[in-house]
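Encoded as structure tokens, the structure appears first; notes follow it.
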Amino acid sequence: MDRAPSTPTSMVLSVLVTCVVASAALTFTYEMTRERIAEQERVAREKALKDVLPAATEFTAVDANVLSAAEEAAGDTQVAAVFDAGESGWGILVAPRGYGGPMSMVVGVDRNGKVTGVKIITQNETPGLGSKVMTEPEFLPQFEAWDASEIEKAAKAFDAISGATKSSNGVRKGVLAAGHVYADVLSGEGGGSKQ
Amino acid sequence: MTDWIATFKRGLSIENPLTILMIGLCATLAVSTKFEGAFFMGLAVIFVLTMSSMIISALRRVIPEQVRIPIFIVVIASFVTIVDLTMHAFLPPVYNFLGVWIPLIVVNCVILGRAEAFAYHNSVSLAVADGLGMGTGYSFVIIVLATFREFVGSGEIVFMNQRIVALPPSYQGPGIVLLFPGAFIIFGFMIAGARWVTERQGRRVVETSKHCTIEEGRAL
Amino acid sequence: MIDMLRNLALLFIGAALVNNILLTRFIGLCPFFGVSSAMETSVGMAGAVVFVMTLASSATWVFWNVLLEPLGVGDFLYIPAFILVIAALVQFVEMYLRKAMPGLYRAMGIYLPLITTNCAVLAAATEAVKPGFFKMNIAYGFGFGEAVVYTLGVAVGFGFALISFAALRERLDVAPVPKIMRGAPMAFVTAGLLSLGYVGLSGMFGI
Amino acid sequence: MELDLVLKAVVALSAIGIVASAALAAASRKFYVEVDPRVEAVLASLPGANCGACGNPSCFGAAEAIVEEKIPITACTAGGQAVADAVAAVLGVEACAVAANVSLRHCGGGRAASRTYDYSGLQSCASVARLAGGDLTCPYGCFGYGDCMKACPFDAIAMDHRGLPVVDLDKCTGCEACVAECPRGRIGLLAMVPSEGAVAVRCNSHDKPKGRKAYCSMCCIACKKCEKACPADAIHVENLNAVVDYDKCTGCGQCVAVCPQECIDLTGRDAMVSSALADGRGPKVDGFVPRETTRLDFAEEEPSE
């Protein structure tokens, strides 16, 4: 089996050719799939936002400085994005840490500071235990009607799922963070909420 | 043609990457909690393994010895990225489930191992046979493991979100089966079963505890 | 300054023990089962992984922030780019060690080629560098120091799990195990029980 | 499809490619190191995937170990049979040298020998020996937990149905790893004997013969019948145990026929039957007839009477 010689030039050349061909092929595939991927993500996000803000029609991402202000307000919980849903309020994407690592969830807050709903997009809690935060019928609805401006007070009346306290607290932290974001940043945005 | 089939069958049974050679374990245990995930993971591995074996054996005379590993890796990585992008675009639920395991196919010992051991030294058709054989052997084991785990663990098998077979909702599966420790233990018993089957067929798998398994007995 | 150190320490312990890459996230199992049949090979492998993983993640961090990110091609080029960097780095380090420090090469160098096909090195190097690689697509975006400390933690965790498993496996060779379960099947069951212990740690702190 | 994205991608990956391959090219020049050509040849036939499945950290490590005969040529799992044949061809292993001395077991008890307690701990002779001197009543006999089998780098030792290690003379290279590993290897249980042909006394005990028979049926009772019968004066009972002087022994088999306990076996490469077959069967080996003092050349010539 004769092989190409291993001289420096042949080595560099062969790697270069492979890289050029590979990167060209990958860019072509990326171009082909880019719109679809963006579309998929937008649709998924839209669906999640619509779940918490049923009345809303279109969502526009808030501009950067509002987002960074929101991140400060949320403290150590990560805020992935904030969407302005016009009349029906805001959708806040937060990523609190549960038992098995970060979960991504969206919290809807209407114009006058009421939490309209909470929905968990992805989580990898322990299957069967932690994952009950998504499946338990009356766990997520309990957040509805919490007052976002006094989120700490509202959070007193919270019952976790037995056997999945860490996961439940994770979700609660997410809602708290969304509450702070609303109270410190969004309410001042000209929302008609009562002080 | 016959040795094409022989290479293909070897990948399935006596040189099965998972049960006998025990390479390529990383994704197997992680992904086999869902039948759907394992199925598409198997397809991805077959695609990447066959395509990269084909390209590598086609170019085997051109690739210099010294720098063969970087070139192999770029070829394999490009196919893995193609799979990653297409799955992200067309099968988002499966992509979200497989997540980090698709890019990790590139370092899956099966692919680089076979590309080196086989594709670099054999003709294109044999390399494709070996790729298909090893890929199918790999997917077969991973799908069997996934079906067992999903069925026992969550009581139902869901494929493209239709329920194929489901136990009554009152079934509360043992959670451990879906967790990683369960995967290890079940996979251990599976290898014991595979070894017991190959031994019963008169093909003695010599397991020398100090060295490694080499298959003896009737030629295939 | 203090809480910066505290963060780094938390990050290190989180990566090493709480989210141990081998026993809670199950990345890098091929060498884990291949090499751990003997203790001295495992120690050598652990040393090599700590050395190369830290080096690899600093290399990938540089390539990501200097080359891929500014050009905006990172999203789809990161797999070939990172693995190419790691493979070249490993081969380069191996040649250098074989020439300059034969003693060290004898003890640790021969494990270096094994690192290229090691999923843990690629996973850790990519996680520390490319935001959103981790399934939750939550951006980490570590700085250089954090990336190196994170990878060091992952590597130490890898070594710790590998060596403890090697010790178990040496006892396993002589334990009264039924014939059919001897060797690899029993190793898997033991790994399952070992990982059960580590899973108990998860969720405490760290990422 | 914007062209500049393709351009940027090509530039990015090629830059890394160039840096990587240039570094490797320079390194392969500057750091060139002499390597034993045989290791190079073996490495070429190994897959080079460094999967670690054979327990060696890398193919280079495995190639070195194979050349230094630390591991057998079939060590590579990933490569399977094809690689094993390739390596054998490279090393020309088929014509492997015949070892001068081979390991020999001085015990015939095994499962038949009586045990003082029921041991179910770690399956290793070393660990059972630490528990009150081992579960075997006989203080010199073989425990049968296979430490020698595990220690043998050439897989020359296998445990037979009696729970005793049988040495395969073709694979044994006389490296004495088993003697070192066996807890009773040094006190005569395993001895190195010439590999051509001889007889083997399957007992290592120095207790009173009457006591010996109580705990083991297959034991030498120092009756000296073999000493009287041996035409070449090669076997003597020393310290209540028959000992063979392998320089004088012609392998005629008189002692095998005459021993009342049948605890002397035919063994050795030139013996009429393979030592594995003859192990533990004394004179009952079919077709065995003791010979006068002819030089040991069973192999070529038919047994005369």
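Worth pointing out:
Labels A, B, C and D are assigned to the chains in the order they are written; within every chain, residues are numbered from 1.
The rule is short, and it goes like this: a residue touches a chain if its C-beta (ideal position, glycine included) is under 8 Å from a C-beta of that chain, and two chains touch if they have at least 3 such contacts.
Fair warning: this is a prediction, and the values are worked out from it, not measured in the lab.
Shared contact partners of subunit A and subunit C, listed by label: B, D.
Comparing the chain pairs A-B and A-D, the larger number of C-beta pairs in contact belongs to A-B. For the pair subunit A and subunit B, the distance between C-alpha centroids works out to 33 Å.
Spacing of subunit A relative to subunit D, judged by their CA centroids, is 64 angstrom. Our note on geometry: subunit B versus subunit D, Cα centroid distance of 37 Å, whole angstroms. The geometric centre of subunit C is 38 Å away from that of subunit D, both derived from CA atoms.
Counting only residues that touch two or more partner chains, subunit A has 6, 11, 14-15, 18-19, 22-23, 26-27, 29-30, 122. Taken residue by residue, subunit B touches two or more other chains at 22-23, 66-67, 70, 74, 77-78, 81, 85, 96, 109, 112-113, 179, 209-210, 213, whereas all remaining positions touch fewer.
Touching two or more other chains at once are residues 5, 9, 12-13, 16-17, 20-21, 24-25, 28, 49, 51, 53-55, 150 of subunit D.
Taken as a contact graph, the chains are fully connected, with every chain touching every other chain. On subunit C, the positions that touch subunit B within their shared complex are 24, 26-30, 33-34, 37, 76-80, 83-84, 87-88, 91, 116-119, 121-123, 126, 133-135, 173, 180-189, 191-193, 195-196, 199. Listing the residues of subunit A that touch subunit B in their complex gives 1-7, 10-11, 14-15, 18-19, 22, 25-26, 29-30, 32-33, 36-37, 40, 44, 122, 126-129. Those residues of subunit A that touch subunit D in the shared complex are 6, 8, 11-12, 14-16, 18-20, 22-24, 26-28, 30-31. Listed in rising order, the residues of subunit C touching subunit D in the complex are 30-31, 34-35, 37-38, 41, 44-45, 63, 67-68, 71-73, 76-77, 80-81, 84-85, 87-88, 91-92, 95-96, 98-100, 110-114, 116-117, 171, 173-177. Looking at the complex, you find that subunit D touches subunit A at residues 1, 5-6, 9-10, 12-14, 16-18, 20-22, 24-26, 28-29.
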